[in-house]
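For reference, the structures are reproduced in the following blocks.
Shared chain: chain A. Partners: chain B in the first complex, chain C in the second.
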Partner chain A sequence: MSEQVKTVGAAAVPRRGRTREKVVWTPARTREALVGYLFLLPNLLGLLIFLAVPLLSSLYTSFTDANIFPTNTKIIGVTNYINAVNDSTFQQAVSNTGAFLIGFLPLSIIPALALAVLLHSQIRGKTVFRVAFFLPVVASVVGVSLLWRWLFQYDFGPVNQLLGLFGIAKIHWLESSDWAMISVIVVASWQAIGYNMVLFLAGLQGIPRQLYEAAVVDGATEWQQFRRVTLPLLTPATFFVFITSLIKGLQVFSEPATMFNGGSPANSALTVVWELYLEGFRYFKLGYASAMAWLLFLVIFVVTLIQFRLSERWVNYE
Partner chain B sequence: MNRNSRMSALGLFTSTMLLLAACDSNTANTPAAGTGSGATNPTAAGSTGGAKIAIRWRTRPGDAAEQAVYQALSDEAQKNLPDIDLKYDPSPNQGYEDKLNTEFASGTAPDVVWVPGASSASYASRNLLYDIKPLVDKDTSFKLGDFYDGPVNEVMHDGHLWGIPRDVSTLAIYYNADLFKAKNLPTPTDLMKQGKWDWDNFRSTAKALTGGDTYGLGLADWWGPWSYFVYAAGGSLFNKDKTATGLDTPESVAGLQYLSDLINVDKSIPLPTAANVDAEALFNAGKIGMMINGRWFTPGVRQNAKFKWDVEEMPKGKANATWLFWGPYVMNAKTANPDAAWRVIKAITSASAMGKVADMGSNIPARKDQAAVDAFLKSSPPANNQAFISGTKYATSEIPLWTADFNEYMNKQVQPMVDKVISGKMTAADMGKQIKAATDPLFKK
Partner chain C sequence: MISRIKPLGIGTQVVVYALLLIIALGMVYPFYYLVSTALKTTQETSTLPVVWWPASAQWHNFVDVMNLPNLPWFQMLVNSVFVTVCVTVGQIVTSIMGGYAFARLRFPGREALFVGYLGSIMIPFVVLMVPMYQLMKNLQWIDKLESLIIPWIFSAYGTFLFRQFFKTIPNDLEEAALLDGASRWTILWRIFVPLSGPIIATQATFTFLYAWNSFLWPLIIISTPAKKVLTLGLLDLQGGYATRLELVMAGSTIVILPTILIFLLAQRYFVEGIATTGLK
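Right after this comes the complex of A and B.
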């Protein structure tokens, strides 16, 4: 297993346990290295200036009472973290985000897999379908959310009209605190499916055809082929889709914030990132918002770490 | 060797160019973040002699028509201020204050900017605004007494003057006269004339109008409309000194319960939505009999309503009540030339400027002098413009809160709880019991 994993990036990664070749720094070599670094410089500088500096400064800010404007900022230790954990609004945002994940992960991954399998087979006009399903990904989140706000409109929104055809009573998609988060899940999943589908498609194309031929020779049914060949060999793609969806889900912000511009009913669609945005840019508590952001980072980090550990059990690299 | 040095030259060149490009786009972007060129960027008047003073000002136009009016206003003012390079820099409703805050934080906010009345304190208390009191005092051609007292008293704090009110609006009842006729009901104006425009008749009228896909009453989902019910019941958003919430009093609770009953018992009101255009769209589509809204709603109704409509004062509960919303032009504390910025404020708050804006229909001038009021009254429909003016006599002025952050108080704690009351998930009495504990930590001790 571990041997297999290594082969993935074998060319770039020096093998462990082997002493590195001793490098002799001839002038030519030095120059070559210098050139290399010069080419890297723009990227490295960008990384430093736009990533490392803000990251570290937000960590520092989270231990202060900073507001958005330059005033006498005091260091207040971990007060922000303690307050955040005890803040009932933040707690609600955390549980809302959890509820979002429960709906979002299956709804954005399973249909994406199904679509990918369908569009991988030889059907007419599959390029058209691929484009159609990928289009929501290209559309701006804000535009999409505004559009859905109208689709979900109570009195004459198409969604309720459609449900009416089947005799289902109108639903307060946006006005009811029971439905608000479900609406967000629908919109976010709808938009994420296309992206996940493309990832699955790429994964499917990487599965060698002869495995299916061998399976057919052995008398495997379509379902057995899917279950025994496709699914196991797709696990690297599934793993990647799962991790990125999880992280995206934990950071969900634009959809609810746009759909509920003035605030969701009884904060029922308030997510962690939305709440920290409000704290930072509406109530000016930049230090407090930074603390929330770092708490979120911590959660994402731990969850991802756990996933990587668990992945060793179910992800098969060919 | 030759190849190598050429390579390193290329590498150096690439990185330098990229860096330059990055820096360049940075400097170009900072002022442009506020659309249009910035105050830091005096335009090319230099060649003709003395450089002009660049002043950038901003409002929050609701649509293209309103933006055009303000642009025309800016062009007009520009003619009378030849030494100033005036730039109108509008910003949309969505995220208006978020953007402004960011610009204040980065030092790129406009010199003169309109802000909602309730927010003015939050800017002033963060030392972001220029105290224009000395400028007003020494300017003999400007009379603060020409403006409505309520907003002026609010924008004046501890002897500082943080802005000049631009516009006011009371809340009023917009009503669909055709729907009243079809149901053979007396309109709010009829009831007003008979002295019967009170909460009993309000509720029964709303109920009588409701049926099928038509609702009796509509209100948008923000604190203005629902808190009318609080004040009309004798309650208040804050206690007397504004050091704590006032929503825990029996009066406030009674007001909110009355609203909750209109929604959940009578079903006379569609559930307010965060997409708060909905109730307005429904009214314009003729599906709502009465709508609580401010003057800003008028242009939209004029444009969209295909029925007869008018406005009336808010009904009387225990007391007469309505809000007096207002917003001042404030001056950026960091403006390079306060005198020039003041002359701009004066130009855009002059009686003639305000008359032009009033004509468009979305604003009531913040001036109470007759010329301004007259300009407003003749901007119809609605026929009964007087209802907006009459309301100013007993209205509560939108409150800049100095003892807490208004947005945090309202959006983080109050609104979510009121949402529950409005949707019938919590009684007003239960809210009254919980709200003080939830909001107390927000007030400065």
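Right after this comes the complex of A and C.
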């Protein structure tokens, strides 16, 4: 299991044979099946205990008033869900997460596409640039969030110093409720650009050279080549980047929780997962937190379904 | 699109380089700030104009951060290394075994199980958090390193990855070995694994990264300082020593640097690993 959600293309699902072959259970074949189960066992057992069972149990818990004391847990129906939807803090967390996505998606995707296109051209030193752009991706989120907290520092933080060079007044990045979420967006995008860029680069490598040659013969300008050849053929990559970024963004937690350890100004950077964490593990309202988790899961599930559907249709696989 | 056929004109090249350089600076500068601040004196961290590089590098900051009262940084470093290595090795081993079973062994229910594995990849960790916490409580693993290791050595995604790779290995080798009387166990570790160097490297680097950087789960489970991992230690460092920025930055450097170094060493595997995650 990894904390990060990865998406796998629908193409990987094995097709069931139309007619089932009749298996003759020779000793060798029986042995093979047994060995198969044995090899899979550690893995399967682990995933059952730490994934399948918790998944079901979390659904159940979301309909109960479970708290820190395991005794006297009662089933209370959909009360947790109703409470969550009507709770003003949860509503704020939802709208904050939406605001985060509105900034994060374009800021982490468009520059990534631009950089990929630039790096895909014939220039020297590609590898160096690629490494530089990718460095933030591998760094610990907690580490870089802390680091940015100091870059955003009001009095002597480099960000305000840089703005000062252009005559821009200092900004209360972390102390003002107007800027807090913007700071989170900057940090998260800074960290995500390199990852998306590599995905775009992989997509660019898949575009056949002849298409550009044909376009040039037809007198297409470079911009036209980008508009008419690169972008349409890059839709699978773009789509994949968009969906993974969306799923990641919906679960944003570590950046705001580290940058505003102890709370953001007027809860302006409180996200859904942060609120879920607080309710579940600060106040130990386990049932309530589970309900919130399932609401979030529902959204992620719908996004993933849309991905499966659309990736069959408008994505251009050639 | 800048044409791939004719080389760029000088003018365009200058513009492209200037753009790339400015962006690269923005990407890398925070790391420069990190390391340079980690080497400053307390006074140098908060003077104006900004001190670009300390008058003399204070390497002892890295030693000082290990010797703080109430904050067993060194122990946390040991915990982080231990947890990360166990998770990485464990996940690779179980994924290799599971992947081989799915790719090469026929058993009833294989296809259904595999679909289940694929489906489970999309389950976000947040829905598992609460019941996992309850489970750890029942196992009495709260505040113990077991909880950071055991649940994380099983990976549906890793299994999927190895299955895909093993399917590409030709049958002949395996059949010859079977005729010679080799067991499946021997075949897996003597034939398949040696052929899987790159994919193991890719999967290991990613697992290492996630395990080393993991934060939310340890935050829920661990509260005793001596059991904490470095990501949690960083929060304590920021909380207790915010007036000594150079120590906070030295600590952050210790957390951030290992993954950067691994990335620089295994760059190819990272890039290939990402490029193959889902683009097909």
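Following the convention adopted for this analysis, the second predicted complex is superposed on the first by the 258 of 318 C-alpha atoms of A that agree within 3 Å, B and C clash if a C-alpha of one lies under 4 Å from a C-alpha of the other, contacts with A are read in each partner's own complex, and residues count from 1 in each chain.
Please note the rule applied: a contact is a pair of C-beta atoms (placed from the backbone, for glycine too) under 8 Å apart; a residue touches a chain by one contact, two chains touch by 3 or more.
Given the structure is predicted, the values throughout are model-derived calculations rather than measurements.
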item: Partner chain in contact with A:236 - chain B first, chain C second, else both or neither; value: second
item: First, second, both or neither for A:42, with chain B first and chain C second; value: both
item: Contacts of A:67 with chain B and chain C, given as first, second, both or neither; value: first
item: Touch count on chain A, higher of chain B and chain C; value: C
item: Chain B versus chain C as contact partner of A:174, first or second or both or neither; value: first
item: Partner chain in contact with A:260 - chain B first, chain C second, else both or neither; value: first
item: First (chain B), second (chain C), both or neither touched by A:32; value: both
item: Contacts of A:283 with chain B and chain C, given as first, second, both or neither; value: first
item: Partner chain in contact with A:249 - chain B first, chain C second, else both or neither; value: neither
item: Footprint overlap on chain A, where chain B in one structure and chain C in the other make contact; value: 32, 34-36, 39, 42, 46, 70, 149, 155, 261, 281
item: Chain C residues touching chain A - in the complex, by the definition given at the top; value: 1-5, 7-8, 13, 16-17, 19-20, 23-24, 26-31, 33-34, 37, 46-50, 94-95, 97-98, 100-102, 105-108, 110-111, 113-115, 117-118, 120-135, 150-157, 159-160, 164, 184, 188, 206-207, 209-210, 212-217, 219-220, 230-231, 234-235, 238-239, 245, 248-249, 252, 255-256, 259-260, 262-264, 267, 270-271, 274-280
item: List of chain B residues in touch with chain A within their complex; value: 1, 4-5, 7-8, 11-12, 14-15, 18-19, 22, 94, 97-98, 101-102, 104-105, 122, 126-128, 213, 221-222, 270-276, 278, 282, 287, 405, 407-408, 411-413, 415-417, 419-420, 423, 425, 438
item: Residue ranges of chain A touching chain C (in the complex, touch as defined); value: 1-9, 11-14, 16, 23, 29, 32-37, 39-40, 42-44, 46-47, 49-55, 57-58, 61, 66, 70, 111, 115, 117-123, 129-136, 138-144, 146-151, 155-156, 158, 161, 190, 193-195, 198-199, 201-203, 206, 209, 212-213, 216, 222, 225-226, 229-230, 236-237, 240, 244, 247, 251, 253-254, 258, 261, 273, 276-277, 280-281, 286, 289-290, 293-294, 296-297, 300-301, 304
item: For the chain A and chain B complex, residues of the former touching the latter; value: 28, 31-32, 34-36, 38-39, 41-42, 45-46, 67-71, 88-89, 149, 153-155, 172, 174-177, 259-267, 278, 281-284
